[in-house]
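Each chain carries a letter (A, B and C) given by its place in the written order, and its residues are counted from 1.
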């Protein structure tokens, strides 16, 4: 490498020194190094996220063990149809995101923008359905702390077996965890969509179709991660013990 | 001397009269704790001396003026292994010793007398089986094993008696226990050591250790008239417990006579020991302690009985040797329920 | 790339401040607030953590003043509770956790590994802004009327029984957590991916190893604290019931989750300090650190074991006997790597050529105080002993020996060690030695009596205490006064030295790290050309060889 940086020069000159790769940040030696560093950083960040959700999953496991009947009945209150639709929506959004990454790789600007927009729309649909589910919980008085009533569990209107009062009260723990887990997941979706909006604008300007697509790739990782969290949440909250 | 400064003088007097390195050793366990402490202080002193000696010695011997040219040394596996293994060995001794002590402190002997403690912001309530109630004080006889069954009404507290070297967290929603055998007559500090809010530092009290005779006198002099079990009996009747737990063959609930201390099979197939915690939990969360062979019809009494009430009930069930009196109360309470005398029976209920 | 790998600058005697450096490459507030330069961010951090240190220190002063007398006469118990809570929150989350990594680490790690900057300069800046936002939250909790949960946020006290600004303070810590996650992430990626050619893992200075270990803890531990605080905040704000016994939740779960972070946090705080000590001891005895590999791996061992000892904070809370055994055993094991480090440092002195500059004095202070802190940790890890000692002043003294006697000594050692590199100036040596001595004496006077008063049974977090504990508390307060002076002194003379200090030159200590082979203060991009490393860390023969062969000069 003959064009070493003259460090005494202000930073913007350094960029010019690397005219062959304008997206190479001044402190990296090679594009390869920059790429590896960013994706390594992203994976580490996802590890952090795993620990973040890990705390919630631990709580879920413990309480599920203690208050099994309450958790069974609680999960019966969730709409398996909406949950399945949402799962499908999220998997589709992962697909559109992957296609976005692929388009960036192929340097197709318009396709990239299109796929990213599709991802945003699917993310929006997911959040819409989630909001509808939350609304339903509110109407049924299943929001612990704010408006909770054990009525549905002690005197069920449908074919559900009635829970004794003490166990019925434990459904609050189930719904607390339901809201904490899906709420944190939804928050990640909202953050993801906000970032996507920025990415779309930048992609429209051609920022990721000139060979430098680490940002898109890393965002793709994040999006898939959020997707995977849902893939765990869906069976744990909606599906397990459905037959009982 | 005191013309120099009265404050300083007072300080010195204070120092000389109050200076102590150890709290009094007033329980059977205290000397054991102290000997482990001495051992630990000793290895700390030795470790400290070795480190300081090495540092001072090398600093003097190899200071630049004396040793201008350093000799580079890579390391020494042998030496490093030495100072890995020796501390490790010492720490293992500490671990085993500490573990033995821990089990000694937290495993009560079977003949211990039981006193109940309820912690709340910011006071300690002690409930003796004989019905004596105390606040921020605990009277106990000397040379007798005492077990405390403790629970908190609100937040975490911690029951600490430095002179006995015992301490245990007092937790909302579950019983914790601690035991000790006082060996010295006297009055000792009782502290709440877990931060519990505004008046945490005033959640203190006295442990009064008395001779058996004095204790006897104190017990007789401060009884409230009814023992915990008697209070429990009233509560048992007024809550209607006796209608199901009557001990009759056709009753809806299991017989409680002589149930305490035994093992029962639960509906989910596992076995549980009937202890204080089990009884308390069964009253509050009956579904989670469903006994095999009975249907889950017992309602929860959560929010209806105070912690003191629960203690009364537990103490009652503990001492229930036959169902004779249960059936008696069953008949009387049916009779009484039509008479105005009924509220008197419910006296012990809902103290909150 | 040429083989004349590392640039030599003129020796100290003839040194002048270089014309260009990171300090004068750009001017104006904006150039600082929007900088991507790790060195400038380090300076920003240094200023902000000093600010918070003195706020936390003022709280400590108030605590000691209140404890001068047995009654709660200086302030109401309520106020006292708020004061010690703020002291804890500020000192732990806004000073100790970011102290060495975010200031010294930020400044020297990229240079040590031979990089121009950390891997993600923008994330680095973001992490400083997060820190500032966290600070604003914490300060506003203080200004709005305080918070009195204790820094441990014990539920259900924090969720249901207090009407102070728990949520504000909780958000502050939550945000500070992300600041430290980003710092840790940046360090890990930088050490993995940004090392200069020839800089193998085992040529890294030990400071990098210990910060690497601490970063792992930051990245994996902090998110658990974050989610725990989220649950506490949700429970307080809308009343969900994960930790609420009235709804079926278990407050002990909170303890587990909280200590799952907060015990490793202790190692997040102390490990970078240990790295500083390795550098300082080696430099001032002009000798390679004894058993480099053992010291490096002991950092990693501490990090790994550190994750599996959290329940030793809960021995008296009714964890099962068997888990108490396991956690006590692991606690004993985690003490061993620290012992290895202490002995290896002592052995480094053997056959060295030792001088006693200020950083070295602080390092000696560290070794003594940390040994006491570590050994008293063994007292507390021992199950039966813990019953009597926990929640008393013994534990207060123990963690102050580790955190203040250990970490703060290490931090000051590091600041004095790298100050010439950061600013290009020396500080007055005699005064700084006096400060080091004052700190040491003041520290011992403050905290040693607390071991005794703790064994006597005085509980922590008490605004009022039985009168027989007064003598020891008076000693402690007297010591705190001395300690306060010891901390004020460096701030004064270091500030003074910015303008009037002697010019330091590139390598005033004749140290071997890459950061000492470039000018002080360094250029914005650190190196004129990427260094090629062909020697081990702490290779003083190589350094001597370099000095003999005059290489190019810049400036």
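Here is the rule we use: a residue touches a chain if its C-beta (ideal position, glycine included) is under 8 Å from a C-beta of that chain, and two chains touch if they have at least 3 such contacts.
Computed from a prediction, not measured in an experiment: that's the story for all the values here.
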item: Taking each chain's C-alpha mean as its centre, the one farthest from chain A; value: B
item: Most centrally placed chain, judged by C-alpha centres; value: C
item: Contact-richer chain pair (by C-beta pairs counted) among A-C and A-B; value: A-C
item: Between chain C and chain B, distance of the C-alpha-averaged centres to the nearest whole Å; value: 37
item: Centre-to-centre distance between chain C and chain A (centres being mean Cα positions), rounded to whole Å; value: 34
item: Between chain A and chain B, centroid-to-centroid distance (C-alpha), Å; value: 46
item: Chain B, residues touching no fewer than two other chains; value: none
item: Numbers and ranges of chain A residues touching at least 2 other chains; value: 67, 169
item: Interface hub residues of chain C, defined as touching at least two other chains; value: 250
item: Chain B residues touching chain A - in the complex, by the definition given at the top; value: 284-288, 296-300, 302
item: Interfacial residue positions of chain B with respect to chain C in the complex; value: 11, 14-15, 18-23, 32-33, 36-37, 40, 43-44, 47-48, 51-52, 54-55, 58-59, 62-64, 67-76, 79-80, 83-84, 87-88, 91-92, 94-95, 97-106, 121, 154-156, 158, 160, 162-163, 165-169, 171-174, 176, 189, 191-202, 204
item: In the complex, chain A residues that touch chain C; value: 1, 4-8, 10-11, 14, 25-29, 33, 36-38, 40-41, 44-45, 47-49, 51-56, 58-59, 62-63, 67, 70, 143-146, 169-170, 172-173, 175-177, 179-180, 184
item: Residues of chain C that touch chain B when the two form their complex; value: 72, 77-78, 80-81, 148, 150, 152, 154, 156-157, 160-162, 245, 250-252, 285-288, 290-294, 315-318, 321, 324-325, 328-329, 332-333, 335-336, 339-340, 342-344, 346-347, 349-356, 364, 367-368, 371-372, 375-376, 378-379, 381-388, 390-392, 452, 455-457, 459-468, 470-471, 474, 540-541
item: For the chain C and chain A complex, residues of the former touching the latter; value: 1, 20, 25-26, 36, 110, 115-121, 123, 181, 185-186, 188-190, 192-194, 219-224, 226-228, 230-231, 234-235, 238-242, 247-250, 253, 257, 260, 523-530, 554
